[in-house]
Amino acid sequence: MKILVLNGPNLNLLGQREPGIYGQTTLAEIEKALQQKAKGQGNELELRQSNIEGELVGWIQEARGSFDVIILNAAAYTHTSVALRDAIAASGVPTIEVHLSNIHAREEFRHKSLIAGVCVGQIAGFGANSYLLALDAAVNIKAKK
Amino acid sequence: MKILVLNGPNLNLLGQREPGIYGQTTLAEIEKALQQKAKGQGNELELRQSNIEGELVGWIQEARGSFDVIILNAAAYTHTSVALRDAIAASGVPTIEVHLSNIHAREEFRHKSLIAGVCVGQIAGFGANSYLLALDAAVNIKAKK
Amino acid sequence: MKILVLNGPNLNLLGQREPGIYGQTTLAEIEKALQQKAKGQGNELELRQSNIEGELVGWIQEARGSFDVIILNAAAYTHTSVALRDAIAASGVPTIEVHLSNIHAREEFRHKSLIAGVCVGQIAGFGANSYLLALDAAVNIKAKK
Amino acid sequence: MKILVLNGPNLNLLGQREPGIYGQTTLAEIEKALQQKAKGQGNELELRQSNIEGELVGWIQEARGSFDVIILNAAAYTHTSVALRDAIAASGVPTIEVHLSNIHAREEFRHKSLIAGVCVGQIAGFGANSYLLALDAAVNIKAKK
Amino acid sequence: MKILVLNGPNLNLLGQREPGIYGQTTLAEIEKALQQKAKGQGNELELRQSNIEGELVGWIQEARGSFDVIILNAAAYTHTSVALRDAIAASGVPTIEVHLSNIHAREEFRHKSLIAGVCVGQIAGFGANSYLLALDAAVNIKAKK
Amino acid sequence: MKILVLNGPNLNLLGQREPGIYGQTTLAEIEKALQQKAKGQGNELELRQSNIEGELVGWIQEARGSFDVIILNAAAYTHTSVALRDAIAASGVPTIEVHLSNIHAREEFRHKSLIAGVCVGQIAGFGANSYLLALDAAVNIKAKK
Amino acid sequence: MKILVLNGPNLNLLGQREPGIYGQTTLAEIEKALQQKAKGQGNELELRQSNIEGELVGWIQEARGSFDVIILNAAAYTHTSVALRDAIAASGVPTIEVHLSNIHAREEFRHKSLIAGVCVGQIAGFGANSYLLALDAAVNIKAKK
Amino acid sequence: MKILVLNGPNLNLLGQREPGIYGQTTLAEIEKALQQKAKGQGNELELRQSNIEGELVGWIQEARGSFDVIILNAAAYTHTSVALRDAIAASGVPTIEVHLSNIHAREEFRHKSLIAGVCVGQIAGFGANSYLLALDAAVNIKAKK
Amino acid sequence: MKILVLNGPNLNLLGQREPGIYGQTTLAEIEKALQQKAKGQGNELELRQSNIEGELVGWIQEARGSFDVIILNAAAYTHTSVALRDAIAASGVPTIEVHLSNIHAREEFRHKSLIAGVCVGQIAGFGANSYLLALDAAVNIKAKK
Amino acid sequence: MKILVLNGPNLNLLGQREPGIYGQTTLAEIEKALQQKAKGQGNELELRQSNIEGELVGWIQEARGSFDVIILNAAAYTHTSVALRDAIAASGVPTIEVHLSNIHAREEFRHKSLIAGVCVGQIAGFGANSYLLALDAAVNIKAKK
Amino acid sequence: MKILVLNGPNLNLLGQREPGIYGQTTLAEIEKALQQKAKGQGNELELRQSNIEGELVGWIQEARGSFDVIILNAAAYTHTSVALRDAIAASGVPTIEVHLSNIHAREEFRHKSLIAGVCVGQIAGFGANSYLLALDAAVNIKAKK
Amino acid sequence: MKILVLNGPNLNLLGQREPGIYGQTTLAEIEKALQQKAKGQGNELELRQSNIEGELVGWIQEARGSFDVIILNAAAYTHTSVALRDAIAASGVPTIEVHLSNIHAREEFRHKSLIAGVCVGQIAGFGANSYLLALDAAVNIKAKK
């Protein structure tokens, strides 16, 4: 099983960026933890980050046929991107929406996810652990098929 | 560590009720899987269900001092109950919001959670597995303190 | 054919409560008229009332397998209860929405019914007679199947 | 007692038009059933249909003094016509709002009735039977006066 | 100078229709008073009424070249007709909006006039006198050109 | 009969201020025309202007017992002043709302009048002539009593 | 004179629950202060608390004939319960709305009271003292009759 | 192949009516161009215009079985008519929505089309050419079946 | 302890102005009752009224250092004045919001208080007694410090 | 005449992506058909696709002086991009908005086009044929100048 | 060149009033800094402050012909005064909108400026320096003419 | 002191693009004027422009530690980009929002800035001079620290 972990804008700053909200773990540390856990499961995992909406769109498209599940933290684009939504629907790869913070407990404009409508489910608010939970969820989704 | 798993209205019908949306696992089966996993972790777990908003309020209040974490699937009350929100804030016990279906991908009136603002995080859309993921999340929250 | 007539909050006060809006017939008198009519049709009928949302949820759940049709006057809960909506969908029993007053001709907040989306139809504005018309409708629904 | 049954736009197509929503009974068959029932009650009944808002307005106006009750299925004009509302108020003839489908369970724009505010009550969702129930309601309204 | 006075739906019932709101003067009496006043001014005046939106549209179109000013009481169509708005803009004849009642002091849905945007001005709330004031306004508009 | 003509903020600039919208007649010229017409009717008339909301409130209050009708061009305060609304209701003096421009054909925020709900009627869009028409309306209102 | 003091969900936790918002006085202490003050006035007072909406509805209904005034702190149900509103209207007992915190200065969803429309008045923001002020208000209301 | 071209209110004034917005071509000239093009394609075409909503409804109904495609410029009724929407759905004839001006670039109230939900597609903003493009589209739709 | 009682627009008319809503007590009578009660408490009290928003703003500013509590009935300005809100925040003097009528039970536009966000609490609906209750509340606020 | 055909995000997946909505023709096939038709007209045509909003912005800017018309299918960016709108306005090149599906008949968030306000017209709902119709429209626009 | 600096309600308290938001500089100090800078530029400057909306309206009117530019900090009236907007439009004097705090980063109701639509530009968020920047902007505006 | 001046989409076209709105100065000319002024102040300044949201995000991130202040004209992304907002918050570099035109006086959708909530202040409407004013503001911000 192959899993693609995609990260949207500003997530490259994790650990430095507003640690009160997003925690002190860096994206590299998250990747390391994910790789370790994936390996333990016998799965392959690839993590990418981009600040560019269109690049994320492209990666989601390419996942078709190459990956079994996408774990997507679209960050700010969660609330503004119809293009990501359409990409997920187009790719047909089951996608899990992940957020470090509990977006439903923050500013009003972060309550609405434009991509939720085409995702399998959402995990939000558990910091770096949100990704690891999503990895478990991914395995489970795959198992059910 | 002691964990309280609370279930709101109509969840007693799980397995029979609209299986296309909510899956075929019964609440008893979910409880069994949770107990097994909790035991494996060396934790204690208690699961309750009620159709009555005020009874759920009461259970959340009583968790204060007796439980370390609440896993709450408030079902329909997620979208209409300020009383549950106030109870969670009053109890001070860290609470994880759980949903079987991806509420953000369903009818507009299910997108808004009145309790999210006082919960640690939200896990939605993974069927019965949402509960098991929440159990992992609970352990992690506890570990961080 | 077995029919369950459920009544929501404050309907126990019928006859006394704002007779200008709700009429002077008591719930007992309505039940009597319904029983008489049901008997004439060769049907069995049971009427219950509760002020507690969760109790109504429970009765709707139990109707599954025991009753052929539910006639439901959810009163105030019509406008605030997603739990009742979910219970109706879960029970799978055809449900007729009934109101004594014409809710669409009253305050704005009474125009919206949260349960209408899962009911067969709605009869509103004919006072106690709304129930009797619903009984006819119930027979007809049954006959069509 | 004389009853006027008015039908708005596209109801002349009943039976052919989207039978999944509106049923397979034609307007002629509905009229026949209504006439039969009215005769049994010793009442006189007249049924008309028009696609033209202004013609319906005119018929409602003329009902004043000639008919005791109006049964009105305004169809699409239910949601867009203030003129029908004003005509009903002007005529002073008690009017029962009727719909074949349960308008509250369909598209958002069909939930709002502009005429409900001046009608006695509403019966919606019982197919052709909605009309027959309205006839019973009409007799009851008359009886109360 | 030639003036066309157009009246929308239900205004044929004036005097009978809800006299508490619309007064006791009939449309015939209003016409008589208008004719008398117009004659005194040396003007020609024609009054028409229709319940049909499209017929009013046609009359407004025909006014082009035949009339100098239109006095329009669009009644219920004031709030729902874009067709009347377009007809006024298309005809190019200066149009004065008239209402018997003060529409801004009634139900919310009567506060918005769809035709106001293409009318010279609005006179509302003076009963039958609204028309006579509009006649004065019409003369003044003509004089200014 | 005594008539009070009140003018709100910026109307002292009439004739200079945006003549494309408000015309070229000054407030003094309007007063002159009104005085002349009032004299011809055998009525007494007083015109005042203030830029201060509270001063207008005071004048409306004082009109009680001293004036038979108020003609009020509240200008910008039309859209923002609940205080003027309350003053009109408190004074009990019949009040006619007047506007030089057709407020319903201008910016959205000028469509809503907070004072309309307590005024007899509204005359808008006829430039300086709006005042003269209101004087006629005032006489007519008085005559009806 | 007999006074019923009703308390909604989570008020049983007063003193412990978010003391920064709700103060440090317990419900028992409030009751004691109220009883003392009522006794001084020669009045009888009874205080009850429930987390269950329907139980509160029942108590309000029973107040009819047994109590002269209701002092109601509906807490979270203030913002979500039409059933309480209907119960107050049905009981006919003058009801005073009380809140510990100033609900109008908190989250947007606490600004709207669904029960205010049928209450005599509202006292909010004075902590435990809100109840004592309401007791004075109750005496005054009674005196006026 | 037979094509029905329907035109709504005020389109009979084309060429005269606000040529800055709608162009200088008359409806007769549009018909001529359409007939010529249809003949070249070996198709039959009929063009009608009405200011009356109900008449347009009737023509759409009659198209069933007589025409293969409808090209509909509903003009003002585009934004206000649910009756036209229902007629299109009822007729089952593929319908192409056409507008002379780009309705999405005009006043806010012209951005919403009530009929779009049941039309095949929309062509707007190309003046008289919108009709000719629609004719090409019609042929293509037919070809695909 | 020194208390400033401020009254907004139209409150000088109390007793005469719509007594059905505001009661028959004049402002002078209210002042007398307040002075008497304040004296009994050993407090000093000053009452002022103005129809001018800016004058009220000035008085609130001056209260800083001169008064311990402000009791403010902002009347119509409650719903429209950000300037009063800013003045209260700027003065830093604890302010109690008072209303004669229950503003939450009246027109929609009276439900929103722009000043509530910076006031200690609100007392509304008890007629002249609202002021006396506020005086008690003021003493209590002072005592707590 | 030179025509630039621009395609937004996910259109590179055409033919594979949700063929039920977008059809089975690939973008390469559309380009081929367009090139063939353009050649037949004696025109030059260039087609580009990008998933990156800013790249589309750049291409629109560069069209200034190099192309006579832009045919733009902005896909998801239609509903979220003010940058594209500004680019079109800045370039000054006449732009035709094209959509494969009828966006007005899909989810609510696809009904609003942010770019329509600066485009000549819109063609939506005809699948791959939408592009070919736009090519005809482009030629016609050019011819008119 | 003559510059008028106008200050709205509560700005007389600057330096004392919520220094966390508005800074510690007093209005007198701001005036001194402005005078010094204006003198350095060879310009004349006058600064006024009022809490009364109507007085500010009057000053803006009088600026016509006496001043070249207005620098306006309307404070709370920014969000509620149409009268100030109309005064600026009427005076015709170029006006620069100034705010000490960044109004767009504060409460929602401070995001909307009613006067922005008729001002040259806006400078907000730089504390006392906002005024000095506006003085530079004023000189530049003058220079461009 | 080092200052980064960032420019969003379409600003590379300045001088050519809609000069009526944006002026005739090119971005190169603005840069020249800024460099000259910065040099005079003894500061270092760098100006960049991109049409790609993600590239702007990246530059803002990199400013951390390299620049003291950011002057940002986000152009169209001002109204649609949460990613820029998050980048500013993450970088922690004080940012000044700049606009050539007065965005608050243009189309409704330009009134809302998504980035304002995390910027120091806003300067809008002074054409190229907005940038120079921002440079002064930047120096002042730095000086205060």
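Every chain is named by a letter (A, B, C, D, E, F, G, H, I, J, K and L) in the order it is written, and numbering of its residues begins at 1.
Keep in mind that, in the parts below, a residue touches a chain if its C-beta (ideal position, glycine included) is under 8 Å from a C-beta of that chain, and two chains touch if they have at least 3 such contacts.
Quick caveat: nothing in here was measured; it's all calculated off a predicted structure.
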Graph distance between subunit K and subunit L, where chains that touch are linked: 1
Chains touching both subunit A and subunit J: L
Copies subunit F and subunit I touch via same or different residues, half shared test: different
Magnitude of the superposing rotation for subunit H and subunit K (Cα, nearest 5°): 120
Chain centre separation in whole Å, for subunit L relative to subunit E (CA means): 54
Subunit C and subunit D, separation of their C-alpha mean positions in angstrom: 23
Geometric centre distance via CA averages, subunit H-subunit A, whole Å: 46
Touching two or more other chains - residue numbers and ranges from subunit F: 52-55, 80
All pairs of touching chains, each written as two labels joined by a dash: A-B, A-J, A-L, B-C, B-G, C-D, C-G, D-E, D-H, E-F, E-H, F-I, F-K, G-I, H-J, I-K, J-L, K-L
Residues of subunit C touching subunit B in the complex: 52-55, 57-58, 61, 64, 80-83, 85-87, 89-90, 114
Interfacial residue positions of subunit B with respect to subunit C in the complex: 8-10, 12-13, 16-18, 50-55, 75-77, 79-80, 109-110
Of all residues in subunit C, those that touch subunit D in their complex: 102, 104-105, 111-113, 116-126, 129-130, 132-133, 136-137, 140-141
